[in-house]
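Presented below are the structures under discussion, each in the form of structure tokens.
First chain A sits with chain B, and in the next complex the same chain sits with chain C.
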Partner chain A sequence: MYLRLGWRNIWRNPRRTTVILIAIIIGVWSMIFLGALMRGMTDQMIRNGIATLTGHIQIHQRDYRNDPAVENSIEDPAPIEAALDERLPTGAHWSARIRVTATAANARYAGGVTLVGVDPQMEARVSFIGKAIKEGRYLREDDPFGIVVGRALAEKFETGLGKKLVLMTQDTEKNIASRAFRIVGIYRAEMEATEKQFVFVTLPAAREMLKLEKGISEISILLPGHEMVAATLASLRDAPPLSGCDVESWRNLLPLMRAYLEIYDSFIFLWYLVVFIAMAFGIVNTTLMAIFERIREFGLFKSLGMKPWWIIKEVMAESFFLLLLGILIGNILSFLSVFLLMNHGIDLTRFAAGSEFFGISRVIYPSVYGRDVLLANLVVFILGLVVSLYPALKAARFKPVEALAHV
Partner chain B sequence: MNIVECVNVTKTYRQGKMEVRALGGVSLRIKKGGFVALAGPSGSGKTTLLNIIGGLDAADSGSVIVEGNVLDNMSQTELAQLRLRKIGFVFQSYNLIPVLSALENVEFVMLLQGVPTKERLDRARTILDDVGLEGLYDRRPAELSGGQQQRVAVARAIVSDPAIVLADEPTANLDSKTGRELLEMMGEMNEQKSVTFIFSTHDKMVMDHARRLVLIRDGLLADDQDRDP
Partner chain C sequence: MASIDLKMAWRNVWRNPRRTMLTICAIAFACLLLVFMLSWQFGSYETMINSAVKIHTGHLQIQAEGYRDKNDIRLVVDDPAAIGRRLEALPRVDTYTFRADAFSLVSSKERTYGVLVIGIDPEREARTSTLSRSLQEGRYLEAGDADEALVGKLLAKNLRIVPGDELVLLGQGRDGSVAATVVRVKGIYASGQDDYDRSTIQIPLPYFQEVYAMGGSVHEVVVLGRTLKDVPVIKEAISEGLKSEDPESGLVVLDWMELMPGLVEAIQIDLYSGFIFYFLLIVVVAFSILNTFLMAILERKKEFGVIMAMGTTPGRLVRLLLLESSAMTLVGIFIGTLAGILVTWYYQVHGFHISGAADVLRQFGLPERIHPRLSAASILIGPAAVLIITGLTALYPALRVRRLRPVEAIAKG
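Then we have the complex of A and B:
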């Protein structure tokens, strides 16, 4: 009966009901759709962060992260690599690298870069570089003087394929080591900063230049899913060959991103609350208007024997339908908006220069999290019912004689 | 057996600094099965007395007993329960629920009472047939004439077999023919179902139909006559 009365009552004033429904729909849509865009942004930040040479887990010699110099390399990675083959889950990949800061120079320019020595095949399975070559070719195993650079760096240095690039850095004997490479490939990355920072050579070439016999700077591991990180981390930390190493997850390796994600989680709840508060004023106002228009009717309900609690239920039934309809349509519109942007995303190229600082991609694709959708719907539905209690209590408190005499 | 007993009931309304005495100490006993009119000019206190008997308003002093229930110290919830089970109301302006059909309006009180669906529907249809509204079950109040609306209101008031029906100026908004028909219908209900009817009115036709006429003037009982209509 409450539901029947509630449903029919909300359509007594279709215009007013439509206005408040629009407010709820926009609120729910903005919560879910804009939330999905922001999640998409953070997901891509994580993906970019992981793909940009971080991986899910990294292994370093204990002092390397404080002082990423060549002398803090892992001298003999073989026992560690054997442990990885034994302990990593199926579908996981790893790549050993040498990573040192260096100076790149050609006839026109000189600038700081990060020299990354990689096993071309293994690295291609772990980081972005395998699929990022846009001009020329990727590194080969027998490429002692080949180098792959980013497009932004090539443009900055006014260089290109087949041109020479000299790298200088400090070797293990603390002498200046330099080697001339020839650009064999130019890559594109999600972020221009990545293109300017990283240059790739083969692992043997880097070892030769740095006078490292078997040493490496780090091992990066890519797992089939984020959810495997904790268990794999624990398993690797228990492995005896890794006892002298730092084994860290991407969350610790990318502290800025971790902080951003934590802030985002708090922010999204606050944002939901702010949107809801704006919506709540509409709900309370509409329900109050509907109640004050029907004071006589509530007097009648009371004279017929409705108890205050039953009147509260009747008013709440009206809010229930308003909220349910608003949430339903809001969800449909949100998912429709997400669906429309799923393939092409939102192109932020114009703003990419500013957004890159935070590791945000050029194109944002929405990412829907069930948890966020549930939270948005629950916030609107439960708090919507809670704020409707105020007008419902007002209706329940009308004195029957005064209400019946109301004109 | 007295179904209503009022003992020295007083009621004063306050509007700002102004006080208006509505009832100045009314004592009244009404027997079960009565067909009683509380008559008097506007502002005499008849509606106030009706509201107090119905538990819609509280007396300032004195005592009101309805079918053995002392209303004086009852909570709002207890009064609501009493109204739901024992009292039916008919109002001057019909006061039907506009979003419900005639049948649903009559069902409404039985719904609150928790009467099972089939019984509820059967009783609602029967009573609507009894008040001459056969075939108009699905009409909303706005689709019914004033007389038809008041018939629905009467059907709603008596469908759950209350001990008393309180009717506040039930014919005031009706033409004389419709008013007479309504009164005759309520008279039949009174005789057939032994439901006690108490009217507040200043309509001569209602007074003529009443078997007992209680005159109220300036908040006091001025006259009390048992009579044949």
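Then we have the complex of A and C:
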């Protein structure tokens, strides 16, 4: 009965109800929609980070991350690779790489790069490079002098397909090794910084240059989903061949990214609170108005024997419907806006240098997180009911005689 | 008449004190938040710009055209001394220094890395950048030093060196010759920006010029103005000077915005997205308080009917109602702005700590404790936006009054 009373009461003054509903709807919409945009931004940051060679999990020799030099290589990867094939979930891919800092030079320019020696087929399944070639071709198994570079690097060096690029780095004997490669492919990446940093050659070419026999610098693993990281990590750390290795998830390999995610988490929550406070004033005020208008009615109820508790329930039922309707419509609008942006996203190409500075993509697609939507709705709904207690208590405390005398 | 209207409006505002207080609180809340947030954003932008300017770029640089994109060692400023004399004649220039850069292989006993070797004038550099103050170990370069070097902290760690160790530099000189030398590590610096600390070493400029066959030339003349606001004036003065002296000099003047387009656009993204959030917040507040304005009118139809019947024109009634709503809005804005200023001022003095964000902030040149900074803009923009949007909100109910017919209004009440 309270529910029916409440529902009818809020429509006694449709204009007022509509106004406060609009406040709740815009509030809920801004929470969910802007939250989805922020999540979309961070999702893409993570995706870029993982695709830009990190993977979900990496395996290194114990000292490598602290001192990424060629001496700290995994000397014999074969037993580890066997353990990977045995323990990784289906759908997972891995790639073993040699990764060292090097100097790239041609006749005119010289600059620092990261030399990545890969197995072309396996690498293509793990990182961005498989789909990133824009000119020329990707590396082949048998490609002793082929090199793939980023477009920004090629532009800076004023070079192109078929041109020579000399790489210099320190080999395992601590001498400076150099090798001339020919550019066979040019790739594009989300970030210009990536295009300038990484150059790819085949594993055998890198080994020959560095005088490594079987060694590799790292193994990067891509899992079918984020949620499998923890279990896989635990299983790999238990594997005997990996006992001397450093096995880490992307969260620890990209500490800055993790810090970003935490900042965004708190920011999204703060935004929910702020928007809620803004609408709470309106909810309280509107409900107060509604009960003061009906002060005689409440007096009558009471003198007819209605308990204060029932009045509280009746007023709360009104807020319940207001909040429910606002949340419902707000959610529908949010999902509609997300849906509309799904295909094209928000294009930040105009601010390409700025998005690069923040490490975010040039186009942002919204991404809806169930827990954000739930949190937003709960904040509005529960706190909304809490603040409505004030007018409800007010109504319950009207003295029948005074209330009836009120004009 | 105006003063009677004012008095009436003020009294009407307080006929329902609870409702008025809630409305004022909503407005004040928005103002407080906006003043704080904008002071925060503007304050951190300024800190970001200043620290980037102080670590690398300076406010302005004079370079050979194309050097910024290509970093080609052959694109030089031939006569830096002449430019220095010109800069000294400009009163708004605070200080300037010369730099030259070359990419080289640097080897310690155990390790080799490719790094950017920067030639600096130790005394001028100390006045222009924060380098001399960011020294962590060892000592800073002095005027007479030759084969000594300062090394970035992360690079020193990678090279496994400490002050006193030797480094071999191997690169290419301006004339294409091999540039090779041995330097001794004198100090280790940490700018806080990982990329920079991982990939740079600094040696004295005269020694750089000798090793890399630069003659008397440099790559960058780095200029610091007295304040950020002086930059456009200085830029124009130098550009014109350069042009009038030698239109074919091939030199360009770049300001910090051209030197760091990423920083400028990042600030724009942050600012614009902030505005979207603030706008939506104000709209929610506006709808939250619209009912107050609306009710203040619908409740009093009978009263309006009476005063209209007594000869009050609809125009005056609208004015009266707008006075009421603007009185409420203004009180809210005043309280909120004042509270915002006080809160912001507190954090401006004591700093605001974001736990766990230190590493991220450092990469943007921001300290762990952020100090929001009050300015005319940060104080005024937010409340002005609130005033405009709530003003528009109040307009709708006030204008509805014009449709009121006295007889019906009194009868219906």
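The criterion applied here is as follows: the second predicted complex is superposed on the first by the 404 of 407 C-alpha atoms of A that agree within 3 Å, B and C clash if a C-alpha of one lies under 4 Å from a C-alpha of the other, contacts with A are read in each partner's own complex, and residues count from 1 in each chain.
Please note the rule applied: contacts are C-beta pairs under 8 Å (C-beta built on N, C-alpha and C of every residue); 3 or more make two chains touch, one makes a residue touch a chain.
Remember, predicted model here, so these are calculated numbers, not experimental data.
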So, does A:L288 touch the first partner chain B, the second partner chain C, both, or neither? second
Quick check on the superposed pair: does A:M342 touch chain B, chain C, both, or neither? Answer first, second, both or neither. neither
Between chain B (first) and chain C (second), which does A:L304 come into contact with in this model arrangement: first, second, both, or neither? first
Looking at the overlay, what does A:A82 touch: chain B (first), chain C (second), both, or neither? neither
Which partner does A:I22 reach: the first (chain B), the second (chain C), both, or neither? second
Per-residue contact with chain A, leading partner among chain C and chain B: C
Intersection of the chain A residues that touch chain B with those that touch chain C: none
Hey, which residues of chain C end up touching chain A in the complex? 18-19, 22-23, 25-26, 29-30, 33, 69-72, 103-105, 107, 110-116, 157-158, 160, 170-172, 199, 261-269, 276-277, 280-281, 283-285, 287-292, 294-295, 299, 354, 356-357, 359-360, 363
Using the touch definition from the top, list the residues of chain A that touch chain B in their complex. 1, 4-5, 8-9, 12, 296-297, 300, 302-308, 310, 399-401, 404
Hey, which residues of chain A end up touching chain C in the complex? 15-16, 19-20, 22-23, 26-27, 30, 34, 67-69, 101-103, 105, 108-113, 156, 158, 168-170, 174, 176, 255-256, 259-260, 262-263, 271, 274-275, 277-279, 281-286, 288-289, 293, 348, 351-358
Can you name the residues of chain B that touch chain A in the complex? 51, 54, 56-57, 76-77, 80-85, 87, 89, 91, 95, 97-100, 104, 108-109, 111-112, 156
